[in-house]
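Pasting in a structure now, in structure tokens, and then I'll have a few things to ask.
Chain lettering (A, B, C and D) follows the sequence in which the chains are written, and residue indices restart at 1 in each chain.
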């Protein structure tokens, strides 16, 4: 079976690099082709990388609290750029502060993210979900 | 203008200054002479630098939270809450991440949206957008000294605005606010931009106004070996002193092993003073700041209190002048003001119950201190050699060659060749040594310590240890052992 | 039967035993032979004594909460919650205060009213009323070793019931469960009644069942100088050993100065082993327990977490085998199970982040340890002299003469002539020395230390210091200074 | 003016002696005639002491949690014994656990206590109230 490709990065003015390093390491170990665009990445950076590498999924990390602003319109922008139905995941500390998770989850679902993860999610959980969603579980 | 570790001339400074103030509309409101007059009226107890000096003399450890929200009234309320309900000794104003990247337009959006939403959508206080007037409103509405805490590679406009706004301390430095906080800002540029910030403080010093500067010790907050952060802190202190800064607080982020933490703070303070003295900087006031655990926190609040308290005690035992406080919400998100105040109260209780006790002198501390100092000296010697005596030039070259190398830093100007891991008692050591200019003895020492752990855990010394160590505290232990160990 | 420090004969024991078992209906259900068979089936990981021994060998510090409610199902739920949600290593069953005074009728009322009210109206688990069957239900429904924790001068029936019930540890002793917990029980009587409890454990030991005994170290929990509590702990350990007890945990209540706390625990462990060895008791397993701050707590929960964590760290640095955990509700009332679990989690986090580190060897520790040992020896020498070699008789006389004297004890058999206060670094010292048999050097030492504080505070050494010290921790500091100091 | 007399003690099977020591010390310093019956005192002990010394007030401490059971009927027992309108105060940690203070306060008021104090009340507060209630403020 062909390796699936995941674009990985940290969105917005966010510089939290540690989780990104770990995700890269773990996704690679799990057999994915990882395109890591690193920290301080714009929606455009994600989308361009996904187009260039014909990616199957985009993993957006947002740690620093501005996730809500930074992720807005990402699904629409993907569609516009021709990335039809690409898997969009988001995780980290995606909003400012300790908020009701159900509300946060819904907000990001409504934005068009396929999976939305709370703080401290283990990498394995995301990987298992993605295997399911890509039909390779 | 070429980068050199040399005090800027008036001409150089004022030329750049014009440009800086023109980079965003609020810049125009900074009037240096008026600011001097304003700052002359800051009472001693609201001057950051003076309060730190007194704390050092009194041998006490004072507590400071992090905190900042988008809107002025909310920010003031927050700060006063942390004073009254938390018992903070110093106030912060944590600056939002757009400001840190000089993206002031996005701050405007964030401010507007926050007004609409009735809650802060920014992760800090956008001081540049609020301008001198906004900063003064904050300063005048609180009873304690205020400091800007951020992570801004180019903080020149921010520095102009906050100091003119009555804030008597600025955190950061050309290395410590670049490498952990930016991807593509060259070391050369950030060193130069921070020379500006330091020169500004130096200028105020010449007018008789003392302002504190604080290099950001913890860097990426993630398993940074003490000698690496100490070397960077000392470099930033020396660079600041050259620009005329007099009151400097060097910092250190808790690694977790008590002996190493105490030794590191003492080594940092002593070596900073030694180097400043050696280069002839006079009348310096050097204090220290200890950051409670800067890596991933446990989600559970009770456990977070355990981490917070251990950090407070380490700070107290080390004799740090100041401790930066985490909160029980750390793992999840920016804390509510209540959670923030709770962190301060736990901290101050632990400190005041410790009652000024220091770690008693012990051989273990002396030995670890000697190691840290020797490692630090190796790095600094090489930096100076590379710069042929010029510290600024040497620093740029040191980054190019991986002589200074910060683990997990996002910056592409950082070699990223070293990797840390804990030894068998939890001290952070160099696992992959990259291009670190250590003597053979020191390299062997690091290796031996890690191998001791490898033997105990029955596994190879390697990156798996680092990964486990990154998750360890969040999961409730210091050392990331394999299961069953 | 005359009091003597001599192992009871079978005859003596069984004669008294009949009386004991007849003192309340549930006593009839204790069948010693059946109990031996039952206890033989207790697996190692649920045996308190064995788990402690292993912890000592592994050099770890384990955590135990206090907890107990009136009704069996609620009590089981509570204990399992503390195991699962708190991560407790040992389980307690705190016994209610009526049981402690042998007022079992009032327990019946408490049990009934609790059933009606749907919440516990008793401050602990009335084990005697619930009987062997009830205790076994508890033991069988949990996964950790269970201990009775109480404060019962005459705990003979309680001991019979809990041990037959599968609980493999009993806290207390003839001094430590009398003087802080009773007003008019003679020392002679409580020593004799605890010889019974110890003999019972000795009997089990002879049948190959090891059961732990734990003298209650903190006594009144209020500024008890270490040498006084250590002397009492050593006496109770010797008395227990004489009756055949093999597995003993000597205890100490945190005083607050880290150096003194570490020194005290080490002195306690070493001297206990020395004295046991000297008197020829073989195959003893001596462990230590450190009680987090036992005096008045701050009401604020964040501050309480600070106190709890400092206690955990002191316990870890001292190398205590076990730490008894307080909760964020301490100042207000018996904690909810959630608050109790939170206290354990904060404790375990601080301990595991300390990762087995001990206080490094230092002269300050050695000096303080020498003082504590010397003071303790003065007391013990005099006790033995008074008893003309018999420790039990000597203890009774020592109380009569104020040679042993516990501050703030309610007992009328306690002289109440000594008063403690903190010195200028927070160590607890003897302020009024009553009839304490110290050498002149030691008396001078205590005095000098207090005078140092007096000079610093600009006031006379006296009772006002003691009063201020009693309130200090509750108000957020270790030492009760006059305002502005 | 004549010294007012206060009977002081800790009720029930309660042995907490430290607060009692402090109350004795402070009330004495404040000019009261203190009759301290100490810990482990029954309602009877309090009442007998009050009769014998012709006391103006009784300060009941309860720390250990059984206060609700131990204090029940105390007002009636005072009345029966002829102690008409004697001031009855109670303080300490008077119930089991951290409970809603308003409810606790009402429970003890309903039992006939004139003043009911929450954990950590300063001695001064009780003394000031008593001076008021005895008209010597």
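As a working rule, a residue touches a chain if its C-beta (ideal position, glycine included) is under 8 Å from a C-beta of that chain, and two chains touch if they have at least 3 such contacts.
As the structure is a computational prediction, the values presented were derived from the model and not from experiment.
Without subunit B, the rest of the assembly breaks into the touching groups A | C, D.
Per-chain CA centroids place subunit B at a distance of 45 Å from subunit C. Distance from the subunit C centre to the subunit D centre is 30 Å, each centre being the mean of its Cα atoms. Between subunit A and subunit B, the centres computed from C-alpha atoms are 30 Å apart.
Distance between chain centres (mean CA atoms), subunit B to subunit D: 55 Å. Chain contact topology: the protein chains form an open path, each linked only to its neighbours in the line. Remark: the chains found to touch one another pair up as A-B, B-C, C-D. Within the complex formed with subunit D, the subunit C residues making contact are 97-98, 100-101, 103, 106, 109-110, 113, 119-123, 151, 180-184, 220, 222, 295-296, 299, 329, 331-336, 339, 408-410, 463, 467, 470, 474. Within the complex, the subunit D residues that touch subunit C are 12-15, 17-18, 21-22, 25, 38-40, 64-66, 68-69, 93, 95-99, 119-120.
Residues 256-259, 298, 300-310, 312-313, 317, 341-343, 345-350, 352-357, 359-365, 425-426, 473, 476-479 of subunit C touch subunit B in their complex.
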